[in-house]
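A, B, C and D are the chain letters, set down in written order, and residue numbers restart from 1 in every chain.
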Amino acid sequence: MGPILLEGTDVGKRFGGLRVLNGVSFGVGEGEIVALIGPNGAGKTTLFNLISGLVRPSEGTIRMAEHQIAALPAHRISRLGVARTFQTPRPFLDLTVSENVRIAALFSGRPSAPPGALLDLVELGGQAGVPARHLPAGRRKLLELAMALALGPRVVLLDEILAGLTGSEVSRVTDILRRIRDTWGIALFWIEHVMRAVMETAERVIVLHHGEVISEGDPRSVARDARVLQAYLGPSTP
Amino acid sequence: MSMKRREFLKTTAGGAAAFTVLRGKAWGQAKPVRIGYTLSATGPYSVGAGITQGPNYTLWQEQANAKGGLLVKGEGRRPIEFISIDDRSEHETAVRFYEKLATDDRVDLMLPPWGTAMNFAVAPIANKYGYPLLGPTAVSNKIKDLQLPYFYALLQQPDQIMGAFAGILKELKAQGKISKIAIAYVNDLFGIELNASAATALKEAGLDVVDVKSYPLGVKDLSPVLKGFKAAGVDAFVGLTYPPDNILATSQAKEVDWNPPVWLAAVGTAFPFYRDRFKGAEGVMGIAGWNPKVKSAGAKEYFDAHVKKHQKEPDRWASAFAYASLQILERCVAEVGLDRPKIKGMVDSTEFQTVAGPIRFVKGSNVSTPGMVGQWQKGEFEIVWPKSLATGTPVVPKPAWA
Amino acid sequence: MSPTLVVDIVVGGLITGGIYALVALGLNLQYGLMRVLNVAHGEFLMMGAYLTYSLHTAWGVNPLLTLLITGPASFGAGLVLHRLLYARVLAGEAAEALESRSLLLSFGLLFVLQNAALLLWSADLKGYSYLAVPLHFLGSVFPANRLVAAAVALAVSLAFYVFLQQSFLGKAIRALMQDPEGAQLAGINLSRVHGLCFGIGIAMSAVTGSLISMLFELTPFIGLPYTVTALVVVILGGLGNVAGSLLGGLILGLVETASVYLAASDIRLIASYAVLSLILILKPSGLFGR
Amino acid sequence: MAAKLALALLVMALVAAPEILSPYYRSLALAILADVALAVSWAFFSGPSRYLSLATGAFFGAGAYLTAIVEARVPWPLPVLGGALMGGAMALLVGALALRLRGPYFAVFTFGLAELAKHSLIWYETGVTGTVGRLILAPPEPWTLYYTILCLAGLAVLTALALRRSRWGYALAGIGSDEERAETLGIDTTRVKIGTFALSAAFMGAVGAAMAPRWTYLDPQVFNPFVSFQTVIMALLGGATTVAGPIVGAVFLGLASEILLLKFRYLYLLGLGLTLIVVVLALPSGLAGLLRRSSPSPLSSPPAGERAG
């Protein structure tokens, strides 16, 4: 793991009276694959929204390389090399697959692999001319991954990219994820519920529960952490 | 309702249909005199156009054709054919259609559209192609700025109108019948010019105006203004209005329990509709120009013919001038033919006797018709000022609202 | 401020606002529920007004009783129009295409209805007097017809509001209005609810028309300004929010009346648009929007 | 090839029109060209971005009124340039405030703009200058106006074409599809929106300024909400996400209403209304849908300056 690239310090978020995130600190190193796990409602997607600039944090700081990004608009953050995908994919439905990738490449101001190569990487090369509207949900996730890569990012925030995939698809996608990291040195910050894939792929795991980080470390030690087990299985378990 | 619908369809389709039938029978091969115009059948101008101009155009056409057509010097009688469209109350449409009339249709004569702004828009075209345009519904001090030799304004202009208002108010004050005047005016060109003229005229007459309020077109509630005047003890209300706001003000005056001795308003008061709407509107005063009792030749006949053809009375201000403008054209064509510069020459130099009295133009302005004030008295809009033309004497204070 | 002035502003504002609320409520039903921007909304008001005018002047029917005719008749017309026109466009389309096509349909309807009114009633001003008497109270004086019109408008609005709050159908409509795409309601025929709401919306507009025929002169072209006012109120209160439209209407009425009494009639519209702009700048989804 | 030839012939015909046509047909062509300019410039912003703007009447009116004020003092075509600047400046101001509003909120806000401008102007003129009407006493020659409008219409079409091929075209399409998503892809949506909105408003202001001399007399009623509505109708009728759509829509509506107006004096509105209804029900993707088979895409060819590698 290289030096810390993306770092959050005491990040908090309130919606009205509701505290969704509280004192969350995290770091993602250059070229590192970090998983972010936790039960539903733990605040994982909210954290991504804070990092990518769609929502402003109520407190704390977020740093990307040498830039403070907590107050920046989303497009500036993405131009600093922070790309993301969405839990429910949001490609531009009326544009074709290749137009979707191209639009991402146009505005980042950063060098990236050619759109064609990216589509081939996510196995969508054959459907370049198809409107995104006609892609099934799983494929839309891959399209989003290609779009994220077209930004020429240094870190990609992946929001449950494996959800709903079959076993063989899961391993194909995790292969792709490793290749992305290995080829371009792109770091991945990755919300996931498919634990087997997390255990095999991630180098470090952060566990979020009720808006707070309850455990952090390599996959094996986190899996043994009593607090994590309790969070997932409920307080009645010893 | 069904009766009214039939009546409407008849008036709209009547002219053209009657003409087609008659032409086949009566005139054989006589080439029609083609006369072009636009009038607003849709949009905000359609109300005025349908009261003041439309009915008179079709009435005149029907009367002339019934006589065998328009008498053209040296050619005998030729039927009148109208070429007209709905200008949608849109200036661009009107401008374009007058260009069409002048250059494609090459009509023999043109009649003006309804309203000051429309007349402003098309007058330069009529002027450019040498068509005399006699506007019965153009009221603005700016007309003379245009300096268009072929454009004529028949109606009294703001200074004349307000001169008459000031005249009668001064006399009423001298008689001790009123002391406090207040003005409400619509804040478009018409209202603003009338208000400016009012300020001058009332000052010259030594009259004090205690309050002046403006309001926008399409106003929905004038009760705040009226309550204010009432609280200030105003006894002469002057409204520089269009028909909808005039009717609104009148009904609201009653509704806020205010009945000033003088109620004097601009456009709309002279409409028979106004009288009927307010159960006689006894004692209400307004801008006047004409009624069937005036001494002008043919006034009564015109009134009867209008009622017969359209089942409604002509209004007591501009209708007669619309008809008069047609009488003027008719006489010119009879005397000089369809040569338009000659028609212009004659319009410039002749005093015409019309249903609206004598009309003579100096630099395009009718200098023979003074400003007049009328008052509804037992169903007729009696002219009560100036005294020389009066058909009745003013009743002040006006009786309670009916 | 003198007490009379306060009474003038408050009562005057409620009179204007009550009418605004009713016409806006109908538009909100169509716009909030179906994303149909019905620019012909005011034309139904115009039609309702003419219908009342004709019934009253030809047969002497009490204008308030004509609500029992204009309401159901326009409701029926709404159902038919929905079936003939809007249902076809609403069936299975992307939201954006739907909005633009239904907007064009409404423009078409606007022209057709104006022309129909022109043929039936001509462009002449039409009007009649009803309850044109002063009512003195609280030290001021108000037109009886305006008070009655506003009271009826508010009563109808409130009745509808209670219907939405209490009945099963009403609750379904509210859920759909607040989230037209998201709310999945088992056992509810969406197209029928749409038709129903379109009909109710148009009936509200026509009923408002019946009421205002007691106050203003009619021409075939009076509709559009009411559509615009209704739109402003809907946006002010929040799209899809029924209580918002009610309150928005009253607030707009008060703002306008206050500006007229405290400043001048000329600035009534400036004031209402300035307030709208200010609210939208501070709260982009309207006063009561989410 | 045939298409290019047809286009060349069309351009030649439009340029030669004032020589060939009678003043009436020249005026009809001028009115339709003005509508083309309005519809095209409306659509290049509102079409892909899906921000339904009803501010056309406000920008148009501002340009027109500006001409009425300065016409006597400055030579043509300075008023047109002034109108463009005026429209653009207004849009920048309004855009900064209003473009965070979505959908219906934006539509109503922009509609309010024309009314606000109209009534503020009346209030100002009444209170300060003491009059509201202005006369244009020395209008430019008709052919000057025709070529001015022709240039504006041509420029609007070229701008629309260029925009579709540019990065901003992509950005607008992204904004129309999912604005927040576009932000996450590095698109400065605020800048793109305000910039394009101002560009379209500049055309509208210029068209207003160029049309004003035709009416001799102008007052604040020139801030006419129907201009806004009519522009929307034309663009949507033709299909707002294409360049051809608004052109077809404007020409169709212009010719259809002229024919209806000339033929059916008392059924004109009925004919117009039924035409709209029939077109909507029969042609789901607008009149321009007749010209091609596939469904409309908000983009055409790849943008210039595309980055790769």
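Please note the rule applied: a contact is a pair of C-beta atoms (placed from the backbone, for glycine too) under 8 Å apart; a residue touches a chain by one contact, two chains touch by 3 or more.
Since we're looking at a predicted model, the values are computed, not measured.
**Q** Farthest from subunit B in C-alpha centre terms, which chain would that be?
**A** A
**Q** Tell me which has more C-beta contacts between its two chains, B-D or C-D.
**A** Taking the two pairs in turn, the one with more contacts turns out to be C-D.
**Q** Nearest whole angstrom, what separates the Cα centre of subunit A from the Cα centre of subunit B?
**A** 76
**Q** Report, in whole Å, the distance between the mean C-alpha point of subunit B and the mean C-alpha point of subunit D.
**A** 37
**Q** Can you compute the centre-to-centre distance for subunit A and subunit C, using the mean CA position of each chain? Integer Å is fine.
**A** 48
**Q** How many angstrom lie between the CA centroids of subunit C and subunit D, rounded to a whole number?
**A** The separation of the two C-alpha centroids amounts to 30 Å.
**Q** Please set out, as single numbers or ranges, the residues of subunit C touching at least two other chains.
**A** Within subunit C, the residues that touch at least two other chains are 114-115, 118-119, 266, 269.
**Q** Mind pulling the residue numbers of subunit D that touch at least two other chains?
**A** Residues 119, 122-123, 126, 266, 268-269 of subunit D each touch two or more of the other chains.
**Q** Which chains are in touch, pair by pair?
**A** A-D, B-C, B-D, C-D
**Q** In the complex formed with subunit C, which residues of subunit B make contact?
**A** 1, 4-5, 8-9, 41-44, 46-47, 49-51, 187, 213-216, 218-225, 227, 243-244, 247-248, 251-252, 254-257, 273, 277-279
**Q** Subunit D touches which residues of subunit A in the complex?
**A** 52-54, 73-75, 78-79, 83-84, 86, 90-96, 99, 102-109, 111-115, 131, 147, 151
**Q** Within the complex, which stretch of subunit D touches subunit C?
**A** The touching residues are 50, 52, 97-98, 100-102, 104-105, 107-109, 111-112, 115-116, 119-120, 122-123, 126, 176, 225, 229, 232-233, 236-237, 240, 266-270, 272-277, 279-281, 284-285.
**Q** Residues of subunit D touching subunit A in their complex?
**A** The contact residues of subunit D facing subunit A are 167, 170-171, 173-174, 177-178, 180-190, 297-299, 302-303, 306-309.
**Q** Under the definition above, what is the set of subunit C residues touching subunit D in their complex?
**A** By the definition above, subunit C touches subunit D via 31, 37, 39, 85, 88-89, 93, 96-97, 99-101, 103-105, 107-116, 118-119, 224, 228, 231-232, 234-235, 239, 266-267, 269-270, 273-274, 276-277, 280-281, 284-286.
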